[in-house]
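The letters A, B, C, D, E and F name the chains in turn, as written, and every chain counts its residues from 1.
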Amino acid sequence: MIYITRKEHFNAAHKLYNEAWSEEKNDTIFGKCANKNWHGHNYDLFVTVKGNINPDTGFVVNLKDLSSLITRDVTNILDHKNLNLDVKGMFAMPSTENVAIFIWNILFPKIKEMGAELHRIKLYETESNYVEYFGE
Amino acid sequence: MIYITRKEHFNAAHKLYNEAWSEEKNDTIFGKCANKNWHGHNYDLFVTVKGNINPDTGFVVNLKDLSSLITRDVTNILDHKNLNLDVKGMFAMPSTENVAIFIWNILFPKIKEMGAELHRIKLYETESNYVEYFGE
Amino acid sequence: MIYITRKEHFNAAHKLYNEAWSEEKNDTIFGKCANKNWHGHNYDLFVTVKGNINPDTGFVVNLKDLSSLITRDVTNILDHKNLNLDVKGMFAMPSTENVAIFIWNILFPKIKEMGAELHRIKLYETESNYVEYFGE
Amino acid sequence: MIYITRKEHFNAAHKLYNEAWSEEKNDTIFGKCANKNWHGHNYDLFVTVKGNINPDTGFVVNLKDLSSLITRDVTNILDHKNLNLDVKGMFAMPSTENVAIFIWNILFPKIKEMGAELHRIKLYETESNYVEYFGE
Amino acid sequence: MIYITRKEHFNAAHKLYNEAWSEEKNDTIFGKCANKNWHGHNYDLFVTVKGNINPDTGFVVNLKDLSSLITRDVTNILDHKNLNLDVKGMFAMPSTENVAIFIWNILFPKIKEMGAELHRIKLYETESNYVEYFGE
Amino acid sequence: MIYITRKEHFNAAHKLYNEAWSEEKNDTIFGKCANKNWHGHNYDLFVTVKGNINPDTGFVVNLKDLSSLITRDVTNILDHKNLNLDVKGMFAMPSTENVAIFIWNILFPKIKEMGAELHRIKLYETESNYVEYFGE
């Protein structure tokens, strides 16, 4: 059993704003992140996959294939987008936590089809904040 | 003559879209950056100041003062903002080039008042792209 | 269950010197780290917290609160200090291992009060050396 | 129980090429990595060791000793080498996965002799790709 | 006048070996870099271009075009290659200095055609060594 | 003419405290940096040398020699030291500015003897603050 990680990235706008709350409460809880006109981030995404090594290739998965999958099914729909407005299926508040779970749910079945298992989504919102999700 | 640099950062939304052009031409020139609903970045800002060393302190400028100035007059108006909508005085397209010049124009006279000279604004939009402006 | 990490930092002086040993033995074991007049480091501290997501906020914990807690109870007492002389309660040798455990002991109960659980303290002494402590 | 990590690095040439396959198949699977005349990387190696803290030193292991061990038994035989041609005992395809296991097998018994336990080999081939091996 | 920089990278094998010298002299001068069977690096390439800002776009040059140019004319011929064997026109010893000049000579006329001026090639061979060339 | 840079590092303690001033004034000007019991940093040092390329080697200077020189004459006397107490010839306040000039004065004549010219000392005190000195 070995673990391999591929780093990708995307740049997106979002805001954290709970429509069920007053503007004042949004300001108290979310601070500057509640700015009505959005703000944005360079997100760094680390996808970790685990499995056995194929003796013919020395690979758990072919990183070219893993990178293509992430590009096609994840970064294509998040990169240079507004996470609140543009992303179909992003029902929840686009906090880093919820974006990480959103990505997990897309990739988990697809990586199974590649013969490996998704182990972890690690998502940096800034160089000081990151989230890890293991599907538990 | 010695040069000292302070790094600060801000997170903002923007888009690159020329209203005088068709949507098609905007897409051709700006690609994903023209997304109507915005996208965003973590900007890293490096402010370089030059001057002589004060023998009492060993400093060109006191970095506490330089950092306070940048926070008060630059990052407070750019951080967690929409560069197209929220920033008074940002008349031009908020490309990295124009944001760097915008920051230069704010800081140049203020650093003069501190007894030093602004040498360079270096602004990273992503870890792969940065702009430098020397006021020339 | 999701994990969120906040990075903070502090700059401190210390030395590694066992008073029960001869100077010679200290030199053999600790090398340059035993220098009587101290040396120092820029420490990077990563605090990882785990818990469930609050559906109103999308957060495990509010990072503003987590950052304020770390600043008030950890970096305020370690930053720009001498770890051997200035830090009340640092009974043991201020190796990276012991400083990590010291920080864990401060934060563990406070993070419980925030409704989450401290998962890991990761402390870099230099970019080539870091320690991880999970409270076990 | 605490975990300590030491970072080292080595620069090496390699290629990924399965002699049992046609050139065409090698190109399809390995792409540019199959270039006959080799290519190369700056590898970053993170060795994580776990154990109890020695109260006399505050250390799990003395990092000077750990670093010397890695230099003598790992980087000396990999640094500025061709992983396919120069490394005795590298029987398998020198993918990042296999190089990580190769390093694990060298270090595991030696770290046991130091009174600690090897926990993880983490090996970066590029800043976008890394492998982790835990000996399982 | 403003300066914009684009980062790209390539991974390559090379050796430093002067055929006019004895093996012994090569070892003395080049040390491990003279290994007959090659070694390799992850090269980070920073291309800095200067010019005036186009008021319609806010750009000195369109970074999509600059990136395509570097990919097509530079990294396509260096990435996953052996710098001594595979690169047509690399007449000189493939030291970082000479590779930087090789890249300058390719890009200088092409960037002129884009309406800007190449200012600097900055090439990292490792994170501890880099070369800068300004065409002088 | 080409420029080559070598990165080295050292870890040291210091304080910023002007003995001619009251404790109060020291606190006002230097803040936490005036802590009597010292604090410390991981300093990153970038030494840039310029010259012509030797056609036999492809080098401006042999980086092995440059690195040995910096280790022997600079980092050996600064690493794991107290910059105020342990460093002979450090007459001035050990601000980053003054340490950079101190290093310049040591290296300038030695690099001349190697047949090249010292161009710049760049010294990071933290990842947010650095100084550059060009000998002017």
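Everything below uses one rule, namely that a contact is a pair of C-beta atoms (placed from the backbone, for glycine too) under 8 Å apart; a residue touches a chain by one contact, two chains touch by 3 or more.
Note that the structure is a prediction, hence the values are computed from the model and not measured.
**Student:** List every chain that touches both chain B and chain D.
**Tutor:** Where chain B and chain D share a partner, that partner set is A, E.
**Student:** Over half shared or under half: which fits the residue numbers at the contact of copies chain C and chain D, same or different?
**Tutor:** different
**Student:** To bring chain B onto chain F by a C-alpha fit, how many degrees must it turn, rounded to the nearest 5?
**Tutor:** 120
**Student:** Counting C-beta pairs in contact, which comes out ahead: C-F or A-C?
**Tutor:** Between the two chain pairs, C-F has more contacting C-beta pairs.
**Student:** Taking A-D as the reference interface, identify its repeat among C-F, B-F or D-E, namely the pair sharing over half of the contact pairs by residue number.
**Tutor:** Most of the contact pairs in A-D are shared with B-F.
**Student:** Suppose each chain is reduced to the average of its Cα coordinates; what separation in Å results between chain B and chain C?
**Tutor:** So the centre of chain B lies 33 Å away from the centre of chain C.
**Student:** Could you work out how far the Cα centre of chain B sits from that of chain E, in whole Å?
**Tutor:** Centre-to-centre distance between chain B and chain E: 28 Å.
**Student:** So which stretches of chain F touch two or more other chains?
**Tutor:** 127
**Student:** Which pairs of chains touch each other in this structure?
**Tutor:** The complete list of chain pairs in contact reads A-B, A-C, A-D, B-E, B-F, C-D, C-F, D-E, E-F.
**Student:** Can you tell me which positions in chain C touch chain A when the two form their complex?
**Tutor:** Against chain A, the touching part of chain C is residues 1-8, 48, 53, 55-60, 62-64.
**Student:** Could you list, by residue number, the parts of chain C that touch chain F in their complex?
**Tutor:** Against chain F, chain C makes touches at 9, 11-14, 32-33, 35, 37-42, 79-82, 85-86, 126-127.
**Student:** Under the touch definition given earlier, write down the residues of chain F that touch chain B in their complex.
**Tutor:** That would be residues 16, 18, 20-21, 29-31, 92-98, 100-101, 127-134, 136 of chain F.
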